[in-house]
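The letters A, B, C and D name the chains in turn, as written, and every chain counts its residues from 1.
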Amino acid sequence: MTLRFDLPEENLAGILAKAFRNRSFLAGFVITALVAAVALLSYVWTPDDVTKLVIADKTLGPSPANWFGTDHFGRDILSMIMVGARNSIAVALVAVGIGMGIGVPLGAFAAVRGGLIDEALMRLNDLVFAFPALLSAIMITAIFGPGAINAIIAIGIFNIPVFARVARAGALAIWPREFILAARAAGKGKMLITLEHVLPNIVTLLLVQGTIQFALGILAEAGLSYVGLGTQPPMPSWGRMLFDAQTRMVVAPWMAIFPGMAIVITVLGLNLLGDGIADILDPRSRRQR
Amino acid sequence: MKLWKTILAAAALALATGASAFAARTDLVIGIPLEPPHLDPTAGAAAAIDEVLYANVFEGLTRIGQNGEVLPDLAESWTISDDGKVYVFKLHTGVKFHDGTDFNADDVKFSLDRARADNSVNAQKGLFAAIDKVEVVDSATVKVTLKNPQGSFLYNMGWGDAVIVAPETAGTNKEKPIGTGPFKFQSWAKGSSITLVKSDNYWGTPVSLDKAEFRIVPDAAAAVPALLSGDVQAFPFFDPDSVAQAQGDPRFKVVIGATEGETILAINNKKPPFDKLQVRQAISFALDRKAIIDGASAGLGVPIGSHMSPANKDYVDLTGLYPHNVDKAKELLKEAGLENGFKATLKLPPPSYARLGGEIIASQLRDVGIDLEIIPVEWAQWLDQVFTKKDYDLTIVSHTEPNDIDIYSRKDYYFNYDNPAFDKIIAELNLTSDEAKRKTLLGEAQKILADDAVVGFLYELPKVGVWDAKLQGLWENAPIQANDLTKVKWTD
Amino acid sequence: MTAYLLKRLAIAVATLVLASMVVFAVLEIIPGDPARLMLGMNASAEQVELLRNQMGLNTPLALRYLHWASGLLSLDFGRSYTYSVPVIDLVRERVVVSLPLALIALALSTLIAIPVGLFSAGRRGRAGDTIAMGAAQLGVAVPNFWFALMLIYLFAVWLRLVPSGGFPGWSVGVWPALKALVLPAIALALPQAAILARVTRSALIEVLNEDYIRTARAKGLPYRAVLWRHALRNAMIPVLTILGLQFAFLLAGTIIIENVFYLPGLGRLVFQAITQRDLIVVESVVMLLVAAVIIVNLLVDLSYAIVDPRLRSRQ
Amino acid sequence: MSLLEIGNLSLSIGGTPILRNIELSVSPGEVMGLVGESGSGKSMTALTIMQLLPWVARATGRVTFDGVDILAASEDQMCALRGDDIGMVFQEPMTALNPVKTIGEQVAEGIRWHTRASRADAEERARKMLDRVGLPSAQFPLSRYPHELSGGQRQRVVIAIACALKPKLLIADEPTTALDVVLQAQILDLLRDLVAENRMGLLLISHDLAVVTEMADRITILRHGEVMEAGDTARTLSEQLHPYTRQLAQASMHVPARAKTYEVGQGKPLLQVAKPLLQVERVTRDYPGRRTSLFKRSAPTRAVDNVSFSMISGQSVALVGRSGCGKSTLARLVLALDEPTSGAIRFRGQDIAGKSEADLKSARRDMQVVFQDPYGSFDPRQKVERLVAEPLHVLERKPDSAERREMVAKALHEVGLSPRDMDKYPHEFSGGQRQRLSIARAIITRPKLVVADEPVSALDVSIRAQILDLFAGLNQKLGIAYLFITHDLTVARAITDEVMVMHDGRIVERGKTSEVLDHPQSEAARALVTAAPDLHRAIARRLREQE
């Protein structure tokens, strides 16, 4: 799916002013900022120590001492969710970084060169797309050993073609514009034009895709951890918490409910944020106002 | 219109089947964790084969009862010659295979000869190694001559690998097992379930169940809802960690039995710093067995101090040797020159005792300064990396074979443990038949292992069965891996 | 048209060949010896070596690839190491679970998504749209395995309407088999439906802004007729694209969902085969799934040509 | 009795007022011209009549069509009117047709909907209608898809849809703006004939005073949502009583003052000028054909065919031709943005075809470009200073930032903008101002040649006049030579010394501007000249007719 977009005719201040009038963006921004703040807070403070197991306190229900209850090792679930947030964010962020870092130059390069190189790169993209991402991530982590690093790589690899596609489509939409011709007439080379004109103009597009992939990354990390191939203990992870919860649904349903909500809220926030950005950039929605 | 009729009819049918549950039930769904690779107990080692077929579809000359005793089965009675070398089995008459053919002494000779033949694919050929010859005396009498006396011969004949099969069907048993048991095979939905139905021409006491379905429920996450929703009515081998879900629920009966599984924190004894006795002892002091049992096994399971089941008659209680003592552990590490602690890896195979126990142990060892990186591995990798290549620091595994203390004397075993004194005791043990002497030797062996802190001895793995409270007659212990349904019935 | 189709076909075949090389190469470097695994803890090195020879693990990689690839073409996938039956038999048994599951889920998500998308696009910016799209946002955010867990405890454990898992096989009748697939299909379908509904809506809104919609309105067609006759077909292209992608996603999604519901499908087969290092099975099933994805994408390309005459007449 | 009566119509969309107190009427058989510059509310008036406004629009006043109160009519009533009694033709023929339906389906659809005719009957009528608008069945069967037709042909289909049921009123919203002059004349003829045949009322909306004058009986001039003046076309435009009417009319006919002209002596072939600034010799540009199979391609398309010409310093030359004749390709070749398949292009004697960017640097310094679209030719992410300074990239010595600001300030001043505008973003400027920015960018390196590709065709007439003045002034002041690419002969006439007429990739005629335009020799040039609307001529003809 390629996003249709147009270049915003405003500067940053104008965009920001518009952004904070957009309900989606605002809600997404607040949620995402909150999750990020909680993750950062977990570095300096959590209600309880998540590395300390107190078996005697296992599967206690929500109470003033443990707002979200405790898990099967007596750890405070709220604290686990807080620390898990930074794990989820880190995995998804680095995976998006890999996807962008490799995919965007590839896509931009394909758009510049065209012809056989473009064709080859796009066919390579097709190849990666032919592998169901989750299946392949499971294969990769199963082969090279479970763990956060391998999960990042597995998720990241499948972000590459996504960003390559978006960057290429965006760049192809920019290249025929007259201001590119003007830059060429001014004697600028294709590399320079890509850096000065093309990339800055598709940045917002990449940002939208970035939030989508970020959200998908969080879901993928949770899925991998859920089948035991993602983040490994003792590092808390939301997917892992759900894995531990599923055999204890009767005696400790809070073990499943709260981490599940954490995932839903975070992904929701990121998607709203992405929607908001896309809305702001969509000339049609602007025309309506 | 027509579609609606179909849907209504289907709904009515669904209701009807649901309603029939209120009448006295004669069907049972049993959950088993692994799917058998095939259905011929005489051609494979997988426990899952016996779990489905043993005593239900196939029968042997003898059988093993739920407390490990030898009982007559197809052999009504037997005599043993004075020198203990000749066994004459008197067979039941009127026994028929499920395909309608008669069972007689020829089938016994065929089965035993087939199992001990050179080209036999029997997984336990050792059971038959002592047999010299098998002779048919008459259609209901078989004479088995041994090369030398063997006290366990009748027990051996009770194994699933020694069941009697018919020559006509022996080749196809893998897909369509034909035996003499009270149940006959009906269907196998691969990856899903195996269904047995009551055999009408059974020679012995008829069973109460009409139908028994063995459903493959691979993990605890699936087993819990399957049990709670009533889809599956019995899990003879339930994950101990999940037992709390059924405990206290009057609909279910939770039965805790014993196994021969010593659960240990295995240590690579040759790999520094684990080659230092103080380090291994420090680990043993750092372990809080109660917390481990509570956290990884729902509080079930008996702590052990060496490699011997507490149920064993030769068991010596050594659990007091290394009480949970963090200070002592730290002191020992200091003695070993590791007062600042060290880093190591802990490889964990899939079972929950290992994965959960590993997290707890990692936390406990962290308290004394040992920082463990947890590496979960699949069994394949575990066998490859840990067991074969000995590429590991620590691992958790349950050794379920009975009377297997001798593994510590094996050269090149994955513990990398080498103690001539211990080897000597085991060698002596092998030559000793005197019970008292054996007990002393085994006691010494246990003591040495504990003193050397070869591994971290944790606890004896419990056998947890959970089933519908109205269900009677399932085995509570598991001397062998089997689900004998012959006495199982529903009560109201 | 033929040139377009031929090109797509050539690309599909090339992708398939490349994919098979990748799959083979990746799986051949798996750590863990299948022979050792099959023989268990107590086997000697000689026994392992013997089995390695029997399984052809000692022949050169390129030869093994050629042998394997030519086998694939004749549907001879080799024999499973662990089950010691032909892989094709395993696949045949499992595909009757996975394929219906994926298809039911796909049908369910389409049946939910398209009407919701139509509804929302027609009421853009109003309360109905906001509520529907809010629900869709939530649907996108819910991890399907967590959703599955909730479904199991609600509908199987608490209400006891459907089985909590497992699959009785089609031989016991269509109804019990379908009953076993209801929850997994819902768990798979709802998050996908949410995505599809959003795509349908935005595709429709985009199309509704096109000039030819105004032309159709100027003809006197009421809004409804314009939506159905003009907008929907033009909006199909992005919707079809997503449907194609979703098929791949559903196939992969079944891995986790089949595990949650312990359904004996391809996803579970491949998951178990990975853990048991049953290379032949993993290779074959992954190839099969990849081939399915490629074929579905080819079908999507083909359907573009059916929907869009511009592609058809392209010389 | 009027067919359409609009009285006191006001319209607001989302609270923003769009129209104020519009008065307008159309009688059967009458052509009413609605003229105004962009943003004057012409199209909104049309959409109000059709009731196809966005749902946030609020209209007050009175719109009566054939006795029906449109503003109070239900959606069902409107559906019955639209397509049956009121037809509408839109500006953009390329997007006005549904790409996935055949033209037959699209024409027949309205017929079937309104008359409940059978498919066969409707198709029969559609067939006749297509024949009538000039799409005979032999070449244009009903099964054709829109993408198989050219822009002019598609506009004919749109007209067929609008007129299929012989509506009482036809609304044509800029029906020819996207077409070249020759097609424009054909479509206008068609509309005129259809109106006459069926005694339809026609509401013709256009920004082009000349077009409206040729077509309309009466005219209504709109500005900022208000009616400035209305009345008989010929009288209104000849008397020019209202200042805005006068302004519009004068801007439409504006010719900038140019003291110096650069002419080559009569009869002297352009090629043989001494020391030419630009020499184009036998240049051909082929584009590879589409791949028909894996191995075959169709024959290549020849966009520029063996073209030769030259220009001297300070000369202003127009390159005119119909759309698709290859003039833009030629411009790109001259700018070295594209490479010729064969032939040579020399700029100040230096060969520039097929050279690397580094080798082109010195040529680029003296050769700049102005594009058509004042919106698309600036990177919205950069400030004016960077945008205008972009060509400084090719200077031998890169200016430091102070020098750069100085140069940008000077260029802005020269195009009539304030140096303070340097720190703004392009979106803060109007279309005309942006075109000034474009020119500032083009002259900052003091080039010898500026290639201008339709530089004023996207601008409103009054703005266009100003920009033409600017071009003329810079030509006089800085001695810059222009290669003006345009389809608009009034522009060519206004500002160029010489004209080259291009047709099917070839230059078919060249000569002094006034001579070529007044006495075209080639067929292509004659077609262009006769088709081009001319306000003078149109008013004269109207007046003649009324006498």
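The definition used in the following text is that a residue touches a chain if its C-beta (ideal position, glycine included) is under 8 Å from a C-beta of that chain, and two chains touch if they have at least 3 such contacts.
All figures in this text were calculated on a predicted structure; none of them were measured in a lab.
Traced through touching neighbours, the fewest hops from subunit A to subunit B number 1.
Counting hops only between chains that touch, subunit B reaches subunit D in a minimum of 2. The chain with its C-alpha centre at the largest distance from the centre of subunit C is D. C-beta contact counts were set side by side for A-D and A-C; A-C has more. With centres taken as mean Cα positions, subunit D sits 45 Å from subunit A.
Note on chain placement: the centre of subunit A and the centre of subunit C lie 22 Å apart, centres being C-alpha means. Annotation: 38 Å between the Cα-based centres of subunit B and subunit C. Work out the mean CA point of subunit C and of subunit D, and you get 50 Å between them. Counting partner chains per residue, subunit B shows two or more touched chains at residues 221, 225, 228, 378, 381. Residue positions 142, 246, 249, 288 of subunit A are each in touch with at least two other chains. By the contact rule set out at the top, the touching chain pairs are A-B, A-C, A-D, B-C, C-D. Residues 7-11, 177-179, 181-189, 196-197, 200-201, 288-289 of subunit A are the ones touching subunit D in the complex.
Contacts from subunit A toward subunit B in the complex involve residues 51-53, 55-56, 58-59, 72-73, 142, 145-147, 228, 232-234, 243, 246-251.
Within the complex formed with subunit C, the subunit B residues making contact are 10, 13-14, 37-38, 45, 187, 189-193, 215-219, 221-222, 225-226, 228-231, 350, 378-381, 383-385, 387-388.
Residues 11, 14-16, 18-19, 22, 26-27, 29-31, 125, 137-138, 140-143, 145-146, 149-150, 153, 157, 199, 205-206, 209, 238, 241-242, 245, 248-249, 251-253, 255-256, 259, 267, 270-271, 274-275, 282, 286, 289-290, 293-294, 297 of subunit C are the ones touching subunit A in the complex. Put simply, subunit C touches subunit D in their complex at residues 2-3, 6-7, 10, 210-212, 214-223, 225, 229-230, 233-234, 307-310, 313-315.
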